[in-house]
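Please read the structure below before turning to the comments.
We just call them A, B, C and D in the order they show up, numbering each chain from 1.
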Amino acid sequence: MMEAKERIARRVAREIKPGSLVNLGIGLPSMVANFVPADRGVFFQAENGVIGLGARPPEGMEDPHLTDAGGGFVTAVPGAASIDSAMSFGLIRGGHLDMTVLGGPQVDERGHLANWKVPGKMVPGMGGAMDLVTGAKRVVVAMQHAAKGSSKIVRECTLPLTAQRRIDLVVTDLAVIEPTDEGLVLRERAPGVTIDDVMAATEARLLVRGAVPEMPLD
Amino acid sequence: MKDCIKAEAAADLIPDGAVLLIGGFMAVGSPLRLIDALVARGAKDLTIVANDSAMPGKGIGKLVTAGAVSRMIVSHIGLNPETQAKMIAGEIDIELVPQGTLVERIRAGGVGLGGVLTPTGLGTEVEDGKQTIEVNGRRFLVEPPIRGDFALIGCRQADYVGNLDYSLTAHNFNPIMALAADMVIAEPDVIVPVGVIPPDAVKTPGVLVDRLLQRAA
Amino acid sequence: MKDCIKAEAAADLIPDGAVLLIGGFMAVGSPLRLIDALVARGAKDLTIVANDSAMPGKGIGKLVTAGAVSRMIVSHIGLNPETQAKMIAGEIDIELVPQGTLVERIRAGGVGLGGVLTPTGLGTEVEDGKQTIEVNGRRFLVEPPIRGDFALIGCRQADYVGNLDYSLTAHNFNPIMALAADMVIAEPDVIVPVGVIPPDAVKTPGVLVDRLLQRAA
Amino acid sequence: MMEAKERIARRVAREIKPGSLVNLGIGLPSMVANFVPADRGVFFQAENGVIGLGARPPEGMEDPHLTDAGGGFVTAVPGAASIDSAMSFGLIRGGHLDMTVLGGPQVDERGHLANWKVPGKMVPGMGGAMDLVTGAKRVVVAMQHAAKGSSKIVRECTLPLTAQRRIDLVVTDLAVIEPTDEGLVLRERAPGVTIDDVMAATEARLLVRGAVPEMPLD
């Protein structure tokens, strides 16, 4: 069976439209790029300063002035553009970013995301997350359904919110869930997983509206 | 022609207690020799405005380790456990600012705007204690401008009159910070004669730059 | 790869009554073929946001002469007596905005800011009827963002994915306007293959550009 | 005798410090550049987009993409930089411009300038004037002392103000005048002109504080 993280990344990749501008968070979200065909004309933005982020460079050919937001070496694709932080966040905050994929400890029934602080434990800071969730046209959260046995999709976030904006989609190893006015709607389930399995693994109430097919993962 | 000085001389210009804008993102594009010189001179009680505190042993992380910093205005400290430990121990006072708001606050300080009106942070802890305003029926946070006593800028090339350019992801906060300090000190990889950087390639006009760091020995 | 269209097709995309951001400063850097095509198609009732109205027979001045304009948001009309005459006759409604405030209002519209806080205009007619705010003990005008239905951009080179660069004083409002419209149409002097404009020389990333004007026949 | 406009331009040129960034308005102020030696390291800004504005180009070598704010062909000096309007006015409004020289129909006793509108007659618009007067470190007004027989230095501006900021110096064909907290102080008089001559030609009250030497015009 496909590893959980790869399943999530493959499913998220299907959300990316040809020719769009996409920002991928560090960690799991960054894996999504591996499943987007090069001929789709998608440009990935690294918020630290490049549009047209490419894969890792060949060994020995790394440029210390070309890294991703985590500080790792990357390349630039043909047609790439260097941008400073004002332009980078101008694009994010001005509604020019078609989609961002972020991780997160918690999403709740109102579609709120909490991903920048665990009080008393870890205060990494919000970096670009608050700007991304506030400004991107579409916000997709890619995460494991549960951590240490407890659901990350909760009734109401107990951690500090990243923004008051409702995110657009959650993709986990078990399900695809869409926050709506009525609440969280279960859209798809992972191969071999039943609706009841998903419900049982989720603290939040999930609504079923029509069919809940298996996730396509090509 | 700009004054061109050694890193030690630059560090001597910067007094303890100064507010420093330091370019770079996870140390990429940071003025690394200037940082080393500040550590070497034993600078104390600095306020650092920067995107992040890099990591121990790299860039701004060295200033944190050396105990040179008493206050930081940053967007992210997640990759430097020492910064987090010093924050929890009360040794460094840290203001966390969303990255886009941070760069706009510095730009506002640099271009004479009274503040930044942004929806980022509304309905979160970032809103606590902040002024808000309604414009055209929408509510925004009012975020005040930021300026530094000094801006320490990393760049690719400088010419003799101080025009600067930058490379790929090493731009980041540098061009904006060069607008927003009383004294701007640039650390170029190379210094080139006037004309090598053509007018259309200049990203920071030399009129903004006060001092250039000499080439590495 | 961007769609590349003829000037006539571009003019057909732009309906009467549209709000157009048009780059250029006294017609330098303006998208001259796009303007000619709008005049040729007999466009009406346009709102033009631009630095100035150039002069009769040049750039935006041609749209004024043709009676295509019902409203303008500009900083200067002093070199176009026709614009002044039409303003006095009530044919064109004109909002005069200080040039620095104008470019910041367009930038605010483009980068998602709620408005511009500026001291420019305080204590003058520009303040009349405007919202003001006090930040850190100083008073500022609150100037609302500006966006267009279309931005018409003049540039030097475009590559196949829409990256743009500009030349000397032909930059002016173009790079900022490219951020602030629902559809951005660029009129380059030349279109070049991807890679001819290196990443560090790109001034408007192609992701902002929707259409390129074909080369002149 | 030296022509009035040249006298004004020569005197203003002496106000320009070596290595400074200076903006010259169109018309009379633009003549000032002719009297600033090239070796002083002064950079002139054209607000339409260049730092390092130079003289007119040789006939036949004009670049249509290199003009001053009035649309006239110019050159760029070595070390020049292209700037867009956001950077141009960022420099002006952010306090980076050391000095601006502007013309004006009126200056009054409080040091207020009115130079963008003559209601009912001429409404050119403020262009960059309001930003320049508000933001420049030093504002020098260069103008004829009188127009059509009436003084341009008045008790109180009757035309709409350009800004509420007190300008720093007025240079006319008759005098150099400094606005202060107490009012307009007469600092210098033109060669062959007496204090009484200046007073007689001026609607505003002029204060005399110490010596009033002749303008240096080298």
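By our rule, contacts are C-beta pairs under 8 Å (C-beta built on N, C-alpha and C of every residue); 3 or more make two chains touch, one makes a residue touch a chain.
Note that the structure is predicted; figures quoted are calculated from it, not measured.
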From subunit B, how many touching-chain steps at minimum until you land on subunit D? 1
Counting C-beta pairs in contact for A-B and for A-C, the higher total belongs to A-B
With chain centres defined as C-alpha means, what is the inter-centre distance between subunit C and subunit D in Å? 29
Just curious, how far off is subunit C from subunit A if you go by their C-alpha centres, in Å? 35
Hey, how far is the Cα centre of subunit A from the one of subunit D, in Å? 56
Among all residues of subunit C, those touching at least two other chains are 104, 107, 111-113, 118-119, 166-168, 199-200
Among the residues of subunit D, pick out those that touch two or more other chains and give their numbers. 50, 76, 82-83, 86, 89-90, 93, 135
Which pairs of chains touch each other in this structure? A-B, A-C, B-C, B-D, C-D
Taking the complex as given, what residues does subunit A use to touch subunit C? 21, 41, 43, 50-52, 76, 78-83, 86-87, 89-91, 93-96, 135
Residues of subunit B defined as touching subunit C within the complex: 104, 108, 111-119, 131, 133, 135-136, 138, 140, 142, 144, 165-168, 199-201
Contact footprint of subunit D on subunit C as seen in their complex: 25-29, 51-52, 55, 74-79, 84, 87, 96, 98-101, 103-104, 107, 118-126, 156, 166-176, 203
Inside the complex, what are the residues of subunit B that reach subunit D? 1, 107, 110-113, 159-161, 163, 179-180, 194-195, 199-200, 202, 205-208
Sites on subunit A touched by subunit B in the complex: 46-50, 63-71, 76, 82-86, 89-90, 92-93, 117, 122-131, 134-135, 160-164
